[in-house]
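In what comes next, subunit A is part of two complexes: it sits with subunit B in the first one and with subunit C in the second one.
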Partner chain A sequence: MNTTLLSILALLIFPGGLFLLGYGLAYEYVDRKLVARFQNRVGPRWFQPLADVVKLLAKEEIVPHGVQRGLFIFLPVAALAAALTAALYVPMAGQVPSYSFNGDLIVTIYLLSLLTICMGLAGANTIDRFSVVGATRVLTQLFSYEAPFLLALLSPAIMAKSWQISEINIYTHNNLWFVLTQPIGFLVALVGLMGKLELPPFDAPEAETEIVSGALTEYSGRGLALFRLGKDVELVIGLTLVAAFYLGGIANPLEFVLKTLALLVVVAGLQSLFARLRIDQTVGLWWRLGAILGLAQILFVIFWRLVLR
Partner chain B sequence: MTNLKLDSNWQRILDKIRTWARVNSPWAIHFNSGSCNGCDIEILATLTPRYDVERFGIKLQGSPRHADVLICTGPVTLQARDRLIRIYEQMPEPKFVIAVGSCGLSGGVFHGCYNVVGSIDEVLPVNVYIPGCPPRPEAIIYGVVQLLNSLKSGVSKVGTVAELVEKQEA
Partner chain C sequence: METRKSSEKFVVPIGPQHPALKEPGHFEFTVDGEIVTGASVRLGYVHRGIEKGAEDRTWTQNIYLLERICGICSHVHATAYVLGVEKLAGVSAPPRAQAIRTVTAELERIHSHLLWLGVAAHEGGFDTLFMYSWRDRETVMDLLELISGNRVHYSTNVLGGVKYDLDTEKMDAIRRGLDFLEERTHHYMKVVTTDETFLARTRGVGLMTREQAEALGAVGPTARASSVRRDIRIDAPYAAYPDFPVKLITDDGGDLLARFVVRLKELFESYRVIRAILDQMPEGELTTRVPRRIPAGEVISRVEAPRGELFYYIKSNGGEKPERIKVRTPSLCNWGTVVSVAVGHKLADMPMLLAGIDPCFSCNDRMVRINRGQGAQFWSWENLRQYGIEYYR
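Moving on, here comes the complex of A and B:
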């Protein structure tokens, strides 16, 4: 009975539900405000993401002609659910993950990819040409950043000799920060996270100057709100993962806030520094540069483990 | 679903939250139905960092499905009429229309042309008129503020959840 109650709490309040949604909205605000300040603007007010989401939830939901109705309604829910589920396996706010088993790193990465796949499917589900173009770009981008991102997260796992996020977190906490010993991996992981979240310069899938708003063009009310929430949640989880792996682990809530915020500042800076890449440039960048760097990093780590130790 | 009465306390609180969210996050879409581009340039100037309308939560959206406010410029030409109506119908409820510029208000210098239907309110229900040829960005921001004020005070009618339910049941 007690464990059931705790599980429900973990799902609905912390780290799964309310906490993560609120934290995600707060981070979306920080991101937008930072980008605005970098562009010499004032930027949005602190409750802006909340107002956006509430307004979208209160709007009419139009199901356009030519879509599979059930899929159209189900995909945003699945995307948000996957993002929220991934929070159960990461050291949210420095706490021990709610659920932990050997190999949960791979599960988490797959759960994080589910949001992108749902967006691609949502775009391909409609007959609108902008959605379809957006969907192909979403999936093309998925295939380009996913491998380097995975490689970048694997090298700390190999160093820690574990595929369990909580154990890697403890290992990184007790050792020199990996950002110093494996700077290439850190760079690939951080930029991979930006590709995952479709932040500029990797926002070709939702380039509003070319294809309206990509895969989500036909979503109006609730669906759009859920996709936005899913993206915010994924931002928090991705930052937590990178901080836990490369910035010396997360041991307490203060470290959690400071390290993820520091990463967010870097991400916001990169967003306002670079212009949008074309989709072929994105793919080229990831496979010619990102994957090679990630591979070099992981080969070096394996070599170091086998030979020098 | 039956206890969603217009006058219940719960319903009043919900409506207050919804109005707050709507007032604080108006997303706009911009459509030119035959304007000379003067007003469009001023609208784009309104969206630049100098005026930074993201302060008020105003965002330009590409897709009519994401937008709350349709900002129209120019007289409605015969060709643009069907497209304008189509864009309006693609927007989800609740939706509002702002007519920008003299031509949008009355047809302007194009009034009576053989290829012009006339002002925007002959085609769509317009909530706010912004005069000027072209109106300055300050005037456009003022017009949007007028729309938000009318939303807040309840002058612009927005359907509540209870009304929607009644409409669906009827």
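Moving on, here comes the complex of A and C:
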């Protein structure tokens, strides 16, 4: 009985559910405010992300002609659920993950990709031309950053000799920060996260000046709110993962806040520095540069483990 | 919207309402994946009947109307008009008035080019450059407000002269503003020519050879970026340009990068010319007398707007109102270059390619004659009036 209650709490309050939603909205605010300040704008007020979500939830949801109705409603829910589920396996706020087993790293990465896949499907589900082009770009981008991102997260796992996020977290906490020993992997992981979240300059899938809102053009109201929440949640989880793997692990809530915020500042800076990459340039960048760097990194780590130790 | 079969062409519509467009226009891009295989343009969503309206107003009232053809290059429209009318009337504005007209025109060019820099950067997803260039553009907007009291429609011109004088205080304010802008423009020049991600979006994109530009009748910076030597300020100097000549800026790149470089270099040239005029501002009257009735005759007046050659044809029958005013704005000349250059590029390049000619929609809207099947439908003024009466009955 007690364990059931704890499980429900873990799902609904912490680390999943309410905590994560609130934290995700807060980080969306920090991100938007930072980018605005970097661009010499005023930026939103602190409750703006929440106000956006409330407004969207209150709006009528229009289901356009030509879509598979069930899928149209189900996809945003699945996307948010996947992102929230992924939170159960990461050391959120420096606490021990709610669930943990050997190999949960792979499961988490799959759960994080589910959001992107849902967005791609949502775009392909409608017959709107902007959505279809956007969906093509979402999936193209997925195939380009996913492999380097995975490789970048694998090298700390190989060093820690474990596929369990909590164990890797403990290992990195007891060793020199990997950002110093494996700077390439850190860079690939962080930029990969930006590609995953479709932040500028990797925002070709939702380039507003070309294809309006990309795959989500036809979404309004609840569906859009859920997708946006899903992205906010994924931002927090992604930053947590990178911080746990490359910034010396997360042992307590203070470390969690400081390290993820520091990463967020870097991400916001990168967002305002570059012009948007075309989708072909994104693919080229990831496969010509990202994948090779990630691969070199992982080969070096394997070599280090096998030969030098 | 019906579901399209895969064998049919996949058309991506941009407009009439689209985030990339600040004014309504309709573009259809036929795409194969991301590659554009065909492009077409349709204008006419904001036709305002200004040419017709001009026939119903007096010569003086028309300045007010014609300034409102464009919100960005309003002064240059009025300049083209008053220069034409003054030529018809056989008078010429005093040198000081001509100098002030030119100063305002060049300030307007600065504000227009900075505005374009921001818009083009935004189309390429470089919002930081967009925000910064628009922030700095406020400087020149403030200067224009200082001179005329207005930020957008300066209404500096009157028939036979200008309304506003420049005193030493205002001249110093302009000089200070220009110093700041010049420093910023150097920075933007560096960003545009060295930022790798931005270069990847502009270099080699929208390549137009000199032959193409000449065949398509391109004007303004778009033509000059393809090394066409065409600038009315040099070819047929007007206002104060004979005394304060500008240097022709061309670039032989022909791509989007060249269009950025040409416009930024023109900014430096504008700064230089304004400073030269302020240093040797002619003394004298601001206006001369122009008769109420303009002698019968017809005249062509050409000026260089920020976007290229602006052409006015003015005909008088000797009355208080013009018989006919015909306006041809530079954007109209440049549409052909977009449509013919677009094919073979990626869909992602289209917004930047569109922005590359610095389009202005409402100023080039024409009456459109639509051919549906065999019979063309053509409505005269009387038909339209009758239709309106019937519709609201």
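Just so we're on the same page, the second predicted complex is superposed on the first by the 309 of 309 C-alpha atoms of A that agree within 3 Å, B and C clash if a C-alpha of one lies under 4 Å from a C-alpha of the other, contacts with A are read in each partner's own complex, and residues count from 1 in each chain.
Just so it is clear, contacts are C-beta pairs under 8 Å (C-beta built on N, C-alpha and C of every residue); 3 or more make two chains touch, one makes a residue touch a chain.
Fair warning: this is a prediction, and the values are worked out from it, not measured in the lab.
Novice: Just subunit B (first), just subunit C (second), both, or neither: which does A:G66 touch?
Specialist: second
Novice: Could you tell me if A:E208 is touching subunit B, subunit C, both of them or neither one (first, second, both, neither)?
Specialist: In the superposed model, A:E208 contacts both subunit B and subunit C.
Novice: Would you sort A:R129 into first (subunit B), second (subunit C), both or neither based on which partner it touches?
Specialist: second
Novice: Can A:Y219 be said to touch subunit B (first), subunit C (second), both, or neither?
Specialist: The first partner, subunit B, only.
Novice: May I ask you to decide whether A:R45 touches subunit B, subunit C, both, or neither, giving the answer as first, second, both or neither?
Specialist: first
Novice: Just to be sure I read the superposition right, which of the two partners does A:D280 touch: subunit B = first, subunit C = second, or both, or neither?
Specialist: After superposing on A, A:D280 lies in contact with subunit C but is clear of subunit B.
Novice: Between subunit B and subunit C, whom does A:H173 touch in the aligned arrangement: first, second, both, or neither?
Specialist: Neither partner.
Novice: Identify the overlap between the subunit B-contacting and the subunit C-contacting residues of subunit A.
Specialist: Shared contact residues on subunit A (touching subunit B in one complex, subunit C in the other): 39-41, 130, 208-209, 212.
Novice: Show which residues of subunit A lie in contact with subunit B when the two form their complex.
Specialist: 32, 36, 39-45, 47-48, 50-52, 54-55, 58-62, 130, 208-209, 212-213, 216-221, 224
Novice: Would you tell me which residues of subunit C are touching subunit A in their complex?
Specialist: Where subunit C meets subunit A, its residues are 1, 3-4, 10-13, 18-20, 31, 33-34, 121-129, 131-132, 135, 195, 197-198, 200-201, 346-351.
Novice: Which residues of subunit A touch subunit C once you look at their complex with the stated criterion?
Specialist: 38-41, 65-66, 127-130, 133, 136, 200-201, 203-204, 207-212, 272-281
Novice: Within the complex, which stretch of subunit B touches subunit A?
Specialist: It comes out as residues 17-18, 20-22, 24-25, 49, 52, 54-55, 57, 61-63, 65-66, 68, 90, 92-94.
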